[in-house]
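Presented below are the structures under discussion, each in the form of structure tokens.
Shared chain: chain A. Partners: chain B in the first complex, chain C in the second.
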Partner chain A sequence: MKDILNNLDKAFENKVRLGIMSVLMVNDKIDFISLKELLGVTDGNLASHLKNLEKKQYISFEKDFVDRKPNTTYKATDTGKQAFKAHINAIENLLK
Partner chain B sequence: MKDILNNLDKAFENKVRLGIMSVLMVNDKIDFISLKELLGVTDGNLASHLKNLEKKQYISFEKDFVDRKPNTTYKATDTGKQAFKAHINAIENLLK
Partner chain C sequence: MNQEKYLQDIKEIREMMDRSSRFISLSGISGVVAGIIALVSAFVAYQYIYIESDYYTFRAVSLTSDSFWNILVLAVSTLILALGAVLLLTHRTSKKKGQKLWNKQAKRLVASLAIPLFTGGLVCIILIVNGYIGVIAPLTLIFYGLALVNASNYTLDDIRSLGIAEIVLGLTGLYFIGFGLLFWAIGFGLLHIIYGIRMHLKYGS
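This part shows the complex of A and B:
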């Protein structure tokens, strides 16, 4: 029971990052606008949390064009999925 | 599905506060030293997060003496318990 917080991942403490990862666990990939609308956050807020998760290599992105407009889609990496599952398990253990 | 983050409580984003509340959901009350050892955090860190939860009226405390030494015990308020349950429900909904 000691150090019961050790398995919680600081990267997922913030609720926007928790939301991004939750969405990417059930959706193979999602574009910036859809993610923004789903989470109800601003462009800047979302961009900064996406960058943070990219830096940890928990998500990856791809840029392409839709109707000649630039479009970025995001997906969770295997590392990210594993880390997120471990975090959720840690929360569940904490609540026991 | 819009604004799926709205029901997450910022007060419980931090993992130490998440830990404090988890402990206080299953223990009627707990003293500072036991809580500190359980969570594996420093005095200063724990004190600052306890103060934060007190300010939101999610926990209350009582000071008394044990073997003539001052001893503070903490418990979750009804408001705190309700807020925490709502937060956990919000996480569960997010993961669906």
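This part shows the complex of A and C:
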């Protein structure tokens, strides 16, 4: 039981971070505004959770301009994808 | 003790994956309405184009230039009515589900529908210009089915089997060429109604 709990990733304990990673698992990339609409959270809340995932190197971002407005798009890194899969496996084992 | 929470997490993950990659707000009721419009239009078209020839063989398709224009007007108004109903009702469903109507997922859905549909439309126009009227009805079914199968990755799973059913109907109609309008009525009318009801019961709309 203890081993299984160790496999659970603290980064995904939070609903918003779990949501961000779920979206990035099935979409190559997504911009900040679309992500905000999907998750239904505030700018500040989303930004802080994104920063958190960035720090763990689970996601990467790119800044560019769309119609002269700054636009940030996010991607899941390979590390992030693996961590997410491991987290889901841990949950599955827990539910067995 | 934490089981509940993790079950909830799994549910959330699945929902986020679906919401972010698929257009889930298709309204089942709109399918039913589109189906009814198609049936009415097929009935009207029937009056125009089939000549009573022989009770035992299929009926010949004939178009005088007069009835050609009638059919054209009928076809265009059917398309506008059906599309309008689908857009209006889907807009209502998307509001309820908190998904925007014209979001990224919808754009992807429309783009993947558009290529087979426009190709099919052009093929049909070319055939009409050359006088091959009889094959039009089954061909519209086939191209519509191909478009649905193509688009099904970006929306509810049911659309895929609807597409395959349309293709099978179209091919059958192409073989039994004299019954084109009948198969058209089944494909665009009955199938839409059946799938519409099924999707409405499954997802609500």
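The criterion applied here is as follows: the second predicted complex is superposed on the first by the 93 of 96 C-alpha atoms of A that agree within 3 Å, B and C clash if a C-alpha of one lies under 4 Å from a C-alpha of the other, contacts with A are read in each partner's own complex, and residues count from 1 in each chain.
Keep this in mind: a contact is a pair of C-beta atoms (placed from the backbone, for glycine too) under 8 Å apart; a residue touches a chain by one contact, two chains touch by 3 or more.
All values reported here derive from a predicted model rather than from experimental measurement.
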| item | value |
| --- | --- |
| When chain B and chain C are modelled together on chain A, clash or fit | clash |
| First, second, both or neither for A:Lys10, with chain B first and chain C second | first |
| Most chain A residues touched (candidates chain B, chain C) | B |
| Partner chain in contact with A:Leu38 - chain B first, chain C second, else both or neither | both |
| Chain B versus chain C as contact partner of A:Ser22, first or second or both or neither | both |
| Touched partner set for A:Ile88, first chain B, second chain C, both or neither | both |
| Chain B versus chain C as contact partner of A:Ile30, first or second or both or neither | second |
| Interface residues of chain A shared between complexes with chain B and chain C | 15, 18-19, 22, 25, 37-40, 88, 91, 94-95 |
| Residue numbers on chain B that touch chain A, as the complex places them | 1-6, 8, 10, 13-16, 18-19, 22, 25, 37-41, 88, 91, 94-95 |
| Chain C - residues contacting chain A, complex | 2-3, 6-7, 9-10, 12-14, 16-17, 19-21, 98, 100, 103-104 |
| Contacting residues of chain A [partner chain C, same complex] | 12, 15, 18-19, 22-23, 25-27, 30, 34, 37-40, 88, 91, 94-95 |
